[in-house]
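For reference, the structures are reproduced in the following blocks.
In what follows, chain A forms one complex with chain B and a second complex with chain C.
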Partner chain A sequence: MHNLLNVNNLQIAFRKRKKSIKVVNGVDFGISKGEIVGIVGESGCGKSVTSLSIMRLFHDTSGEVVGGTIQFKEKDLLELSEREMRRIRGKEIAMIFQEPMTSLNPVMKIGKQLIQGIMLHLGLNREEAKQQAVEMLKLVGIPRAESIMNEYPHQLSGGMRQRVMIAIAMSCEPELLIADEPTTALDVTIQAQILQLMKKIQRERGTAILLITHDLGVVAESCDRVVVMYAGRVVEEATVEELFESPLHPYTQGLIESVPKIGNRKEELYSIPGHVPNPEAMPNGCKFASRCPYVMDICREREPQLVSNNNGRKQRCWLHQSIKEEERKTIG
Partner chain B sequence: MVDNELLKVKGLKKYFPISNGWFSSKEYVKAVDEVSFSVKKGETLSLVGESGCGKSTLGRLINGLIKADAGDIVFKGDNLAEASETKWRSYRKPMQMIFQDPYASLSPRMKIKEIIAEPLKIHDPSLSREEREAKVKSILEICGIDYYHSDKYPHEFSGGQRQRIGIARALILQPELIIADEPVSALDVSIQAQILNLLKKLQKDYQLTYLFISHDLSVVEHISDHVAVMYLGNIVEIAPREAIFEDPKHPYTKALLSSVPIPDPKLKRESIILKGEIPNAANPPKGCKFHTRCPLAMSICSKEIPIMKTVGDKQQMVACHLYQ
Partner chain C sequence: MKKYIVKRILGIIPLLFVVSFLIFLFIHLVPGDPARLIAGKDADLQQINAIKHQLHLDEPLYKQYIDYMNNLFHGNLGESIKSKVPVSELIGERIVPSLELSLLSIAWAMVIGVLIGIISAIFKNRWPDNIGMITAVSGISLPNFWLGLVMIQIFSVKLGLLPTGGIETWKGYLMPSIALGAGIMAMIARFTRSSLVQTLKEDFIRTGRSRGYSGLTIVFGHALRSSLIPVVTVAGLQFGFLLGGSIVVETVFSFPGMGRLLINSIQMRDYPVVQAELMLFSFEFILVNLIVDLLYGFLNPKIRYD
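Our next item is the complex of A and B:
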């Protein structure tokens, strides 16, 4: 059990023409205070939907949590009323998104966007909130913070907008910051600045960060622990050092192997054959079986469970568990 | 002409006008400014840099999609910069493009066999229907798509398969030069590796020359023979791959390399984190355009524009006052 957030057996389905399609089926992970946890996976693996479900942000879409619990401190977020949830959203858990232009209001001055949340959640008056807002902008490294308060998002560059987003997210001192691909739309030199800023915030304020990304380089440079997702499931969890040194799941191995690495040039890159199965027609058994180089008969018949090894690592693979063990140590 | 030189670009310029109303003086964004380089047959030159550095504009200039304001584009010994549109058209056959977004660059209303056959209809109208179909079939298979799928529409394919279709369309005319503008940036890593392997294999099999435009240095190292680093419309460093990656000279190249996140948590290296942002291209800094962010800037850097000079013995050319 982690002391901040525990997600147990999360299941999310989307409705499509009266059919319910499960896009997330069996996601378990946790975050302790002050930790940076990464969720990595390729497009469609369910990592973004998982993060949205923690904030309960897809209530007006066709998506729905159909099973599991999301325990934040003592509360199950899925049980809360919308009113109670509103008090957590933005105050105790804050979120930043990939595209800083579409997540800021284009017709509202930066200052106002910052002040709103501060006044609402911290109960400060306008003057105090303004001071707090300027302080936040300085914290995230925005030069001439006072004058930026009176500017609109379009007047800023992508990197600056992402800093403003982080300032808004951090303004009520949340305990958990969810960052969904925060640097994907940015150039590498700006990405390095933003990652450095996020690590500084975590170090100085003790904020736990859930970092959702497809970039293994970003994971290696910023996370303490990593959760790997494939086809709506967690397939492996480990500390960042363990994951890169000895990945257990063949999908993790393939993913790490297929990234071109500077200073380690190969004539031919490893590539995972085939593609991700369609969520409308998921195969039985392990979802990675059709692409796995080590596939066995049992993989096509029964889906392995996410199992904890003795050293606390978790994996969902028949290579590392026997059926007996599965029955003994099933998690969640 | 140097041996085997397929493409040579000299002093290429493209200024886009930006007007701020009727009476204001004309201002320009110098998207590509005095760019020179050459590519040998069968080699890959990569253009790298951050958004707005002019790398995509440069690719479009070479393909004649936009017209240059000044400079020479010499392709197989012919200068195309002044060429008429008709002459350009005949040069687009040996010079094909692959685009970044496999969703936007294929017509959603055409079957993929029609998409791939279209260039043939234009550049090789004498072919019979059967000959065309045979060519489409063989190129699809070379690119890893079963001909069985050729009656489908682009939306029925995944991103990686669509990029294969884009590659097949570029290859069907048996081009010599392929300009690939961020061909793998929209793809997931496992698919990216498949496409990079395909591009390398095709290069070997058909002696293709690539102009590879990318912002991703780890991809660039994998695919290139030579690398040109661009910043705000200029090439700041151009050199063989090993020189760029093992012994970068320009402070911008060094910073760019050190900001790439490395997928190895044990490798704790000192990274140079640049201060500030990329300046506005409409109003770039005077002197060396990089001096506002350069950790090693000297007083001369804000006054004089550095010129390209060869440094060391590895054909490495750098535009930086540190080496003048």
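Our next item is the complex of A and C:
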């Protein structure tokens, strides 16, 4: 058990023409105070949906949590009323998004966007809230913070806007910051600055961060622990060192293999063959079986469980789980 | 900003020149002869020619135009061919009631229309939305003269609450403004709804929700302002048309406005009155457009005029 957030057996479905399609099925992970946990996986694996479900932000979509629990401190977030949930959003759990260009209100001054939330959650008056806002802008490294308060988002660059987003998210000193692909839309040099900033905030303020990304470089640079997702499931969880040193799940191995390496002059970059299975027609066994180089008979028949070893390392793969010898017939 | 406004206002002058010329041309192209109408059915050619000469209608068109513009620059709009009353006086009597009626109509249509639009957008595809949109479709589909007649039948004839016409008291404005505003209200409701529905899908709305704002704060504090640009555009255009006066509604309610003056003048080929009225409408339209453009800048800070 982790002492801040525990997600257990989370299941999320989307309705499509009266059919319910499960896009997240049995996701488990946790975050302790002050920890940076990464969730990695390719597009469509359910990582963003998982993060939205923690905030219960399925507004205007047909998405819905259909099973599991999301324990935040003592509360199950899925049990709270909308009103109680609003008191958690932005105050105890804050979120930043992938698109800094469109995530700020284009017709509202930066200062007002900051002050609004601060006044709502911290009960400060306008003057105090304004001071807090300026302080937050300084914290995220924005030069001339006072004058930025009177500017509109379109007057700032993408990197600056993401800094403002972080300032807004951090303005009520949340215990958990969910960052959904926070650097994906930014230039590489700006990416590094934003990651540095997030690490600094985690160090100085003890904020736990859930970092959703498809970029293993981002994970390696900033995370303590990594959860790897594939087709709506957690397939592996490990500390960042373990994961890069000895990935257990063939999907993780494939992911690490696909990162281009400096000095490698091969013509083609490595990519995992095949495609992610369609959530409307999920295979019975292991969801990675059709793309796995080590696939066995049992993989196509039964789905392995997420199994944990003594020091908390988890994997969902028959290669590392005891099965009867006769079932272990490899098929090329 | 100030510079922009001055530039726009100065730009109106050449525009009005072109407009005045076109109006002049088209009025004189319309078949029919005021001299013949004034002289009456039994007049002979000599009498008609005498009237024509008196009205300078026998001069070449370009000369008539130059004379007209010359008078215009001296603040003289001429006088009505029919009643010999100065045009400025005729219009002066009519413009205030017309302006009041237009403002009243657009004001209630905007307030109610935007409200219905907001409610419909919030309850998209549920019963409040359905009711709102049925109201809106009705408002667009019901012809305003029909609405006017039905209201007269109910409120004046049956209940005796409101006068059938005239503007002796404020009550005289009620039914005409409802008849005029209904269609506009409906259009504004539809535009507000679709625009707000679109805005509510934006990323920054999700940001707002992720900060724990309530639904009302999201709609009124964050989404509405961005949604109003198309609404302001429609309202501006409709207001422009309203200022032109509504011939049909003014006739139904015997309202002493610009619309009825216009139709009477056109029937009599009363050139100076028609010319002055049409130029005034053009001017009002241009002015409303300028105001709409300035409102854009206020609604969206990205649109700046400097």
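Annotations for the structure displayed:
Convention: the second predicted complex is superposed on the first by the 312 of 332 C-alpha atoms of A that agree within 3 Å, B and C clash if a C-alpha of one lies under 4 Å from a C-alpha of the other, contacts with A are read in each partner's own complex, and residues count from 1 in each chain.
Here is the rule we use: contacts are C-beta pairs under 8 Å (C-beta built on N, C-alpha and C of every residue); 3 or more make two chains touch, one makes a residue touch a chain.
Keep in mind that what you see is a predicted model, and the values were worked out from it rather than measured.
After superposition on chain A, the partners chain B and chain C are seen to fit next to each other with no clash.
In the superposed pair of complexes, A:Ser258 makes contact with chain B only, with no contact to chain C.
Judged by the touch definition given at the top, the superposed model places A:Glu42 against chain B, while chain C stays out of reach.
Of the two partner chains placed around the shared chain by superposition, chain B is the only one that A:Tyr270 touches, whereas chain C remains out of contact. Chain A has more of its residues touched by B than by the other of chain B and chain C. When the two structures are aligned on the shared chain, A:Arg203 is found in touch with neither chain B nor chain C. Judged by the touch definition given at the top, the superposed model places A:Lys16 against neither chain B nor chain C. In the superposed model, A:Thr189 makes contact with chain B only, not with chain C.
Of the two partner chains, chain B is the only one touched by A:Gly159; chain C is not. Smallest inter-chain Cα distance, chain B versus chain C, after superposition on the shared chain: 8 Å. Listed in rising order, the residues of chain C touching chain A in the complex are 200-204, 206-214, 221-222, 225-226, 299-302. Those residues of chain A that touch chain B in the complex are listed here as 42-43, 157, 159-160, 187-193, 195-196, 214-221, 240-241, 244-245, 254-256, 258-263, 265-272, 275. Across the complex, chain C is touched by residues 55, 57, 59-60, 86-91, 94-95, 97, 99, 102-108, 116-117, 120-121, 152, 154, 165, 168 of chain A.
Remark: chain B residues 50-51, 158-160, 188-194, 196-197, 200, 215, 217-219, 221-222, 245, 255-266, 271, 273-274, 277-278 touch chain A in the complex.
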